[in-house]
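Per-chain numbering from 1; labels A, B, C and D assigned in written order.
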Amino acid sequence: MAMKKFINDPANLTKELLEGLALCYSGRVKLVNEKIVVRTTPKDESKVAIITLGGAGHEPALSGFVGEGMLDASVVGDIFAAPGAPKVLETLRMFKREAGILLVTLNHAGDRMSASKALRDAQKEGIKVVEIVTHEDISAGVDTPIDDKRGLAGCIPLYKVVGAAAEAGKSLEEIVEIGERFNGQMATLAVAMTGCTHPQNGGAIAVLPDDEMEIGMGQHGEAGGGRTKILSADETAARMIAPLVQATGVKAGDTALLIINGVGATTLMEMLIVYRKAAQILAAKGVHVTPGACGEYLTVQEMAGFQMILCKLDPDHADYLKAKARSPYWTA
Amino acid sequence: MAMKKFINDPANLTKELLEGLALCYSGRVKLVNEKIVVRTTPKDESKVAIITLGGAGHEPALSGFVGEGMLDASVVGDIFAAPGAPKVLETLRMFKREAGILLVTLNHAGDRMSASKALRDAQKEGIKVVEIVTHEDISAGVDTPIDDKRGLAGCIPLYKVVGAAAEAGKSLEEIVEIGERFNGQMATLAVAMTGCTHPQNGGAIAVLPDDEMEIGMGQHGEAGGGRTKILSADETAARMIAPLVQATGVKAGDTALLIINGVGATTLMEMLIVYRKAAQILAAKGVHVTPGACGEYLTVQEMAGFQMILCKLDPDHADYLKAKARSPYWTA
Amino acid sequence: MLTIQKFKTMIAAAGVDIRAEEKSFSELDAASGGDGDHGTAIVTAFNAMQKADGAEFKGYLKALTDALQNEACGSTSTLYGAWLQGMSDAAPEGASELDAAALAAVFKGGLDEIGFTTKARVGDKTLMDALIPATEALVAAQAEGVPAMLRQGAEAAAKGSDATCAMRARFGRAKNLGERSIGPRDAGSASMACIFKAFAKTVM
Amino acid sequence: MLTIQKFKTMIAAAGVDIRAEEKSFSELDAASGGDGDHGTAIVTAFNAMQKADGAEFKGYLKALTDALQNEACGSTSTLYGAWLQGMSDAAPEGASELDAAALAAVFKGGLDEIGFTTKARVGDKTLMDALIPATEALVAAQAEGVPAMLRQGAEAAAKGSDATCAMRARFGRAKNLGERSIGPRDAGSASMACIFKAFAKTVM
């Protein structure tokens, strides 16, 4: 049976999708050296550059967030595969500057290995670069050691915050402080309803029984341990927001950002219904929910499900979230 | 078997999703009288109001395009069901103004009947309102009479153009001219890979064999006559762009806007790959392709497939497309 | 003579039968290239209509129209709204009983009004394929009294709906299907025939 | 003695066997909570490695590393890149033949370098469960000559991979699966065992 996807040679997926991105959003991004997406109009060299890395297959993430006010570059691997360290190092060299570089790495084994190697090599060469690792997935439990928590779509509001801080002329040290504070106050939990198809080999990932869903699914179909019969939208929202509130510590009087990130086949209709209940629960607790987002930001092919991201906001974070941004898939 | 959707009581889908939209994008839109989505900050009464109507279940369309620079209001029906004429009339009354109202109706039987009745009643009451009907689907053939051509996602760039013209203070007559000119120069063609599930009754719509796709599918699963074995992304793009070029008449030296609108489960990865080929074909013909868009704007639940929209742009259209817009799901 | 009480029972009985066939109407809609929701739409319409009340025909029919137009959505509610509106307009002022001639006039008024709302006629594969012959048969049977009128209306509606199987859709969501729309029965004609059948049963 | 020619044949033979099992490696990856692409990843790695060449061990191993790191992506290529880099570093300058002791040193160098890249060790359900015992067995068999070294390496790799079935994942994408990761074999250990088996076959 043919894969039900609009693709050409599966070996060229990443190359072609990045070319498509650069053609479609030519005013915002361009592609250099095959796997590096950068802004069409670079940020002034006096400002800190923000760079990230990761596999493809999660579109619009990560490259869709390159642009004014967000990322300066995204180093792309292949489908669900981290880019090699040499490519990361090449990008760090490209953005070498006195102000320094912030490298944002999602906590996945492949990304971490490439980033670590590139960082060591870059630092040896005198490139000023600091890494922030995101690890906000609470599916393994709120108290799981940081190294065992995956980085999910929480990287996106983080890009927004550090991107705006860089644009505002903050120093690398300041941006790291702002970013790590944000990083420490956000949490994500994912839920999946169906599996998906790996677009290169056509294999099924994360197949689920017809009447079950899984809370805690990772963003490549990695299981999360929370299999349950299908719940209603309201029950699902309630079940997910509770541990997120616990993890972030948001309480009455706090300001919070809530994002529902669809991972593929789940409709925006559903995401909005889930957002409604989660926002109502937060409001009932006396939390001030700022304007949020519902949409597909970091996907897992055509998997049905979503990630719920909750961020407790300090006043500076709230301001950075509102600042101007002009990436293909996030504007403010 | 339970439906694999995050919903509550199927009777409340539309109400809940609209509440979610208003909560999530509280800075941009609000909900009035249950089924009318309006801007949080209304446009000045001296300017022409832009209103549209249509069923829910296509999120983010249509209500996701209410906001500064685009729609003033969207009148929402139920899932895949046009709002009744009284609701449309109520909205027209709400936006009654000397500058007048432009009502944009997509050519679907239900929407047309409600709009026509509301228009007649409104005009009797002295409300100044003109209707533009979109009918840019070329699946029935480029030469099909206008009344038999459906309105697909081409309404979205049209909202952008007329919204910007209204914001710029153009008169109703001028906006109608600008809008109808745009309307006459755009064309859309859809393709589906899989069917979807009606979220109220759980029934399957537009089921397709495992190895087939259908070019010309409508946006509620209405068949379009173009069943074929699954084609590659490049072949699909080539097959679709050819009749769109013919329908719009774009030729060397012209400027064109290309949009790939995902209808549900098709990944952005695929849409970008398709965009790439279609844009390359246009460029090879000497057409200047302005920055476009790939994403989910008007969906058909979790159906896999997309709509390809091609618009030949006059210089004023190009400017209106670039003007500021701040709706939840379209910003510029 | 048809009393308003009896007429309300006719509507209620139609609602019961429509609900029993909900799934099949949606399936017919999907099978013929529609969006698979006609069952949902017609049941929603009857649910809305259930809230209407009135002591005489004109008012009750108007209340049915308002209930439909204010609480329900979609082509079906718009078309049924027009139908009922036309009936209300044609109903004699204040009457709580209709003789055969008045009933014929009411159904004729309904058909006229729905005919302004849609251009579909016999042969276009819509609910009009059931409604037009049903109304004509019912009017033609005036001399035989109310039960006969409704019985003949039901028969004509059923026949009209049967005939849609062989038709090619030209209105509504199925129109782009072309040749492939030939085969399945039109969903809207099926529910319309179901309603006429329930009407006939009730006055038998 | 192992000639560079023979070593290239070993690599080529491993590529052939790896390609033949591509699908099963991806399925193992999916079954154990991974993203179902290990077959794709390891085949991509071997495709990249095919482009490397060199007249002596150090250079050839370095060329393999570069090919992997520049053309391939993912954890597998990073880990294999480190492994081959370590081998190259440990290979004697300019040698186009390795005796048993030098071969042992090369494999030991490879293991050391990959050990800097990942913290995974025996028992963590990764390719290290095959690679660590294989390297140890190979080094221990030095006195018996190259073919015996590779044979014993292959046996140890197979046993190490078998043992992963009973393990709980603590590294890589499967780690969140917890108890449910117990049962299926680790994909990376399976491909590593396949490579050692092909090595052994080639020098038999």
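Here is the rule we go by: contacts are C-beta pairs under 8 Å (C-beta built on N, C-alpha and C of every residue); 3 or more make two chains touch, one makes a residue touch a chain.
Fair warning: this is a prediction, and the values are worked out from it, not measured in the lab.
Without subunit B, the rest of the assembly breaks into the touching groups A, D | C. Compared with subunit A, the chain whose C-alpha mean position is the greatest distance off is C.
Work out the mean CA point of subunit C and of subunit D, and you get 74 Å between them. The geometric centre of subunit A is 28 Å away from that of subunit B, both derived from CA atoms.
Taking the mean of the C-alpha atoms as each chain's centre, subunit B and subunit C sit 32 Å apart.
Viewed as a contact network, the protein chains form an open path, each link joining two chains that touch. Chain pairs recorded as touching, per the definition above, are A-B, A-D, B-C. Across the complex, subunit D meets subunit A through its residues 22-23, 26-27, 30, 33-37, 39-41, 44, 68-70, 72-75, 77-79, 81, 117-118, 171-178, 180.
Per the touch definition, subunit B reaches subunit C in the complex via residues 55, 77-87, 108-110, 113-114, 117, 137, 139-140, 148, 150, 198, 200-201, 203-206, 216, 218, 220-225. Residue ranges of subunit A in contact with subunit B, taken from their complex: 1-8, 13, 16-21, 23-28, 56-57, 59-60, 64, 193-194, 199, 210-211, 213, 229-230, 232-234, 236, 258, 260, 264-276, 279-280, 289, 291-296, 299, 301-302, 304, 306, 329, 331.
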